[in-house]
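Could you have a look at this structure, given as structure tokens, before my questions?
Chain naming follows the written order as A, B and C, and within any one chain the residues start at number 1.
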Amino acid sequence: MSSAAKTLDANDSRLTPFEGGGKLFTVGLVLGVIGLGGAAGVGATQGDHWVGFFHSYLVAFCYFLAIALGGLFFVTLQHLTRAGWSVTVRRIAELMAGALPWLGVLSLPIVIPTVMGNHALYEWADATIRANDHILHHKEPYLNNTFFLVRMVVFFGFWSLLARFFLKNSTAQDTSGDAALTSKQERVAPVSMLLFALTISYGAIDLIMSLMPHWFSTIIGVYYFAGAVMSSMATIILISKYLQSKGKLKGIITVEHYHDLGKLMFAFTFFWAYIAFSQFMLIWYANMPEGTMFYAPRQEGQWVTFSVLLLFGHFIIPFIGVMSRHAKRKTGILAFWAVWLLGAHYLDMFYMIKPTLIAIHGMAPGQLHLSLTDPLCWIGMLGFFVAAVGSGMKKHRLVPVKDPRLSEALAFENY
Amino acid sequence: MAEQHAVDGKQPTYGLIAQYDDVTSLVHACEKVKNAGYSKWDSYSPFPVHGIDPAMGIKPTKLPLLVFAMGITGTCVAILMQWWMNAHDYQFIISGKPMWSVPANIPVAFELTVLFAALTAIFSTLARNALPRFHHPLFQSERFARATDDKFFIGIEAKDGLFSAEQTRALLESTGAVAVDTIADDSKVNHKLPKPIVWFIAISFVAGFIPLGFIAKAWVSTNPAPRIHPNPNMDFQPKFKAQTANPHFDDGRAMRPDIEGTVAQGALRGDAAFERGLDASENWLSGYPTQVEISDATMNRGEERFNIYCQPCHGAAGYGDGPVARRMVLLQEPKWVAPTSLNQGYLRTMPEGKLFNTITHGVRNMNGYGHMIPPADRWAIIMYIRALQESQLSGGSN
Amino acid sequence: MTASVANIDIDNTGVDPRARDSLVLGDQDLHSVTEMVCGIPEQERIHRNWWIAFTLAASLMGLFFANIAYLFWEGTGIWGNNNPVGWGWPIVNFVFWVGIGHAGTLISAILFLLRQKWRMSIARFAEAMTVFAVVCALVFPGIHIGRPWLPYWMFPLPNQMQMWPNFRSPLLWDVFAVGTYGTVSALFWYYGMIPDLATLRDRSKTKLRKFLYGAFSMGWTGSARHWHRYERTYLILAALATPLVLSVHSVVSFDFAVAQLPGWHTTIFPPYFVAGAIFSGFAMVVTLAVPVRHFFGLKKLITLRHLENMNMIILATGTMVGYAYSMEFFIAWYGASEYEGFAFVNRAFGPYAWAYWTMVSCNVISPQLFWFKKIRTTPVLMVIVCIFVNIGMWFERFVITVTSLHRDFLPSSWGYFTPTIFDMMLFLGSFGLFSTLFLLFLRWIPVVAIAEVKATMPQAHMHHEDEHHSEDTDGAATHG
């Protein structure tokens, strides 16, 4: 049944900027400084030339980068497919993508030391190591300090500009109601999507795959992308729940939207497992050292338990939990699983990055090498992410109120 | 109690149907019928009408739970099957992978999960809908044929407790039905399949067992007749096989014995000393046969050959500590017997011919190397072993 | 033809964000849709064009079976397979046909889950295409096993050797994957047809038709209670078919990717093959949809908008395939394995460079033409592009299979593969099998999913007093 084309008033209190965003901004900044500062303090005293600190930092960084990139992907995709259902949640994704410039700045503690030749994270950053290693010498045209810098600038530049483009045009439409702005964003979407695919892939190659520079896998970009979309869907769900608990967006984001977000979260949980399995099984099957070197440290000691934890926690349990229609339409249950999957995403990043401490930096095999820097870095990054999104919530309306397809989003019903 | 009037005095009533021309009136009508308390009724439409489930009070089906359960069953069946077939009943070693290779079992497990779930979904829905049901009293109505085209109907069965010819008709007419018809219940009339079809199905079904019967019989019985070769391939080759008859020879055998005095190439063991390490009186030879040149060249050759064939177990200096031996110790192999140390006293005094015999045929747990090392090289190795023994005796300085 | 409205193209490809163009054109109502679609199988005498096409298709199919008979008689030596190229055209054809089949499931299942209304009018014949493509695909592994009287060895059946199949082999995973896929697709296709077969049953004029359509429609009455379960089942099947379609072509890619051969052993194969399958499948759907809608008078149901949407998917998946090529190329260099690097240089500049560049131009370059609206909304032009896409996708499987085999690790083993006339006749003949089945489908079975299309029309939506009546047919989503 179709209802009358519903519209919303631009000054409807449910969608006007969220005043609490200011508080989120402040609290987030404080948390960020304390978290990262504390981690730096701990890292300085660990006596490992910052190696442990940088790895913890990278885990937390890649975690939130994935969420922000997932938000950017969602926005681009909705414009590419001319979707109607998602208009009411799109602004939230736009605000999540708004964290990308912040992440660009937060990438500096990784990028600057690497560019200057510090190999606490990336072995290949040191010119002497490159010269003495036959394989790294071969890769030098790509894995060198200058090109790395150029790529990071290009990636974060592109992501930030694209996020800003969408947010700017989308919020401009809040006041003008000009349908041509939608057409403009739709025209940009296809090429942007292609560039997004390339930048996220090479970003994953640079940040994660080159940690073990002798190893390679053609699917690493897709792997990171899968985790990014899954965790960004979970984040949109949680942000929506939060805002609704503060009196915003009630009746605008309905159970139908949660259902759809839940379906996407579910689908990408499965997609992540499919990609992770493809990568693992193919390397396991051919059993060639250039592939198995990645999994070898992850199959010893405590890492065996961790791998099982990842399999069950990131796939099997949430897959069964989110499968039913009921779970996706009861927002309390859905929020539970969103939190669960965000926890699983941390396990994923930890799994991808931390064993480098063993394989490259010679720490004891079979150990997880947990350290205070891990939670502190994560809290710090969380703080800055919250600050970024919070500041956006304070400045902009929470829904693209004059989007031409808003009525579709308000009225649709699921099967 | 249900009132069932005989229509035309012959058949009882099946029920009433009401026709509607659009979706909105259908849904509203359904609400009225539901609110009136009827239970044995249904609505009919050419496509699923959105909003009709709550209007009719149709509760969500429990099908998804059944499908999920059968899907999990499929997963378990697949894993169990693969474990039992490849890791238990007939174990395969494939490229060094574990007998039960779980990563390799995932694809089939996934497929069977989907297969079980899909088959369950389809067949249980058909069963719950009581389909196939080839005859339905409603098919008598010409009007009802439009139910699969562009018209909508409500049908209320006479079996319903609240049914009454007048009141139910009045209710339906009040909902804005375009027409209300009575449908006779002709289920008592014989609507069976035509006899020939029934016979055909029955005979085909039974006939289907005949090939299975043949297979079963072949399974449990033996047959002296030769197998049928639908495609001869290379099954009948124009050659004589072992144990067969060949009429061209006097003794009729295809297998020919060796001609007296035939020696295979390379098998001539002419020189007892060189080939077998025996002296003239069939005792173990001490010293070297005349063919062996006592020179640096032979010693070097012996060293090279020793390091290839003997060193892995006996070690570079002959103490029985070669890399193979050390690895067996590392793996704590229960059945491993340490290689003999060549520097023991009795081996220093053992005649060279006996050493030669040991290299050729092996001793105790050592295999023979005669097929791998030609006699000349064996003597060279013995020369080198003597040098090793000598060197270890005098502290390794020679 | 039976079209009650003039069979011309109306442009409904507008991109104004404020309104969505109609998907069902020309002031149709429920009855006219029934007439338009049922009119085809209900014809007493089908148009001569159908007979011409059918004769051609049946002849090719005859060629196909004749070649298979000769193959069984003589053995697989009649093919060009040799050492080192032990896999030749048969496996390429197998992957080609399985890939084409995937688009049908994607249209039926995945677009259904994504609530894309425009899938309704093409879903039926796309699913039919899937079923027939899978049949063609299954023939090739069936005939290539060398001793074709022993196919039951592929299945875990008790046998006299008390042996079981090797579950660690991706070739066996194929048996299960493609078998499951064929079964589920066929059932999904048939299940979707039941309400439409009931429509034909209720309109039948002859006893034979009534009997046959009646038998196959299982006594469907259109009961709302039945529809309820039917809808739920359809949703479950769609939700199952989606991962199934991903898994099938992934398992097919495992045939190559689990090996250690340079050019084969790369982790991106599974999603790359799936994207490629969807790419070639949609190209085949478009290639079939354009003549079908023209000759059968269905331009009001299979509109330019439908074709344009499919072409955009072709562009998207073609770009994904291009992405995979570039990633493979980059990692081949990055991996610093001289064998891997050589494999890729050899593809581009070795003895099979002609095949490689055909592949690249057909797969990467030709779909890029769909950036131009003119090309993606003009039926004749899109068919040309789509035929090139399918040629390119066949060559992709050929390049992957043959270039890695003909130049593997030991130069002393290097060789060259040339197909024989029998390879070619079998491939050509498989198109005959496919076309014959497809033409029979067009003749007797409703080509468009009538019930589903009706559910998207305005007549299917309830009207409230305050609504302004619009041409909206895929606005506020309803199920279908």
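Criterion: a contact is a pair of C-beta atoms (placed from the backbone, for glycine too) under 8 Å apart; a residue touches a chain by one contact, two chains touch by 3 or more.
Just so it is clear, the model here is predicted, and its values are computed rather than measured.
Work out the mean Cα position per chain and let me know which chain is farthest from chain B.
A
Any idea which chain sits dead centre by C-alpha averages?
Central by C-alpha mean position: chain C.
Going by the contact definition above, tell me which chain pair has the most C-beta pairs touching.
Ranked by contacting C-beta pairs, first place goes to B-C.
Which integer distance in Å separates the CA centroid of chain A from that of chain C?
34
Just how far, in Å, is the C-alpha centre of chain C from the one of chain B?
From the centre of chain B to the centre of chain C is 28 Å.
Need the CA-centroid distance for the pair chain A / chain B, whole Å please.
Comparing mean C-alpha positions, chain B is 41 Å from chain A.
Quick one: which residues in chain B touch 2 or more of the other chains?
In chain B, 50-51, 64, 97, 104 touch at least two other chains.
Mark out which residues of chain C touch at least two other chains, giving numbers and ranges.
Counting only residues that touch two or more other chains, chain C contributes 231, 243, 247, 250, 254, 461-462, 478-479.
Can you list the chain A residues in contact with two or more other chains?
Residue numbers touching two or more other chains: 1, 281, 285, 413.
Which chain A residues qualify as touching chain C in the complex?
Residues 1-5, 82, 84-85, 134-135, 138-139, 142, 179, 182-183, 186, 190, 194, 197-198, 201, 205, 214, 216-222, 263, 270, 274-275, 278-279, 281-283, 285-286, 288, 290-291, 403-405, 407-408, 411-415.
Which bits of chain C are touching chain B when the two form their complex?
Of all residues in chain C, those touching chain B are 29-31, 34, 72-73, 147, 149, 156, 160, 162-170, 172-173, 176-177, 179-180, 183-184, 187-188, 191, 195, 198-199, 201-203, 214-215, 218-233, 236-237, 240-241, 243-244, 247, 250-251, 254, 450-452, 454-455, 459-463, 478-480.
Any idea which chain B residues touch chain C in the complex?
Within the complex, chain B contacts chain C at residues 22-24, 27, 30, 42-53, 56, 58, 60-61, 63-64, 67, 81-82, 85-86, 89-90, 92, 94, 97, 101, 104-105, 107-108, 110-112, 114-115, 117-119, 121-122, 125-126, 128-129, 131-136, 138, 145-150, 219, 230-231.
Quick one: in the complex, what on chain C touches chain A?
Per the stated touch rule, the residues are 15-18, 20, 113, 115, 231, 235, 243, 246-247, 250, 254, 257-260, 265-271, 319-320, 323-324, 327-328, 331, 334-337, 371, 461-462, 464, 466-468, 472, 475-479.
Could you please specify the touching residues of chain B with respect to chain A in the complex?
Against chain A, the touching part of chain B is residues 50-51, 64, 68, 95-97, 103-104, 106.
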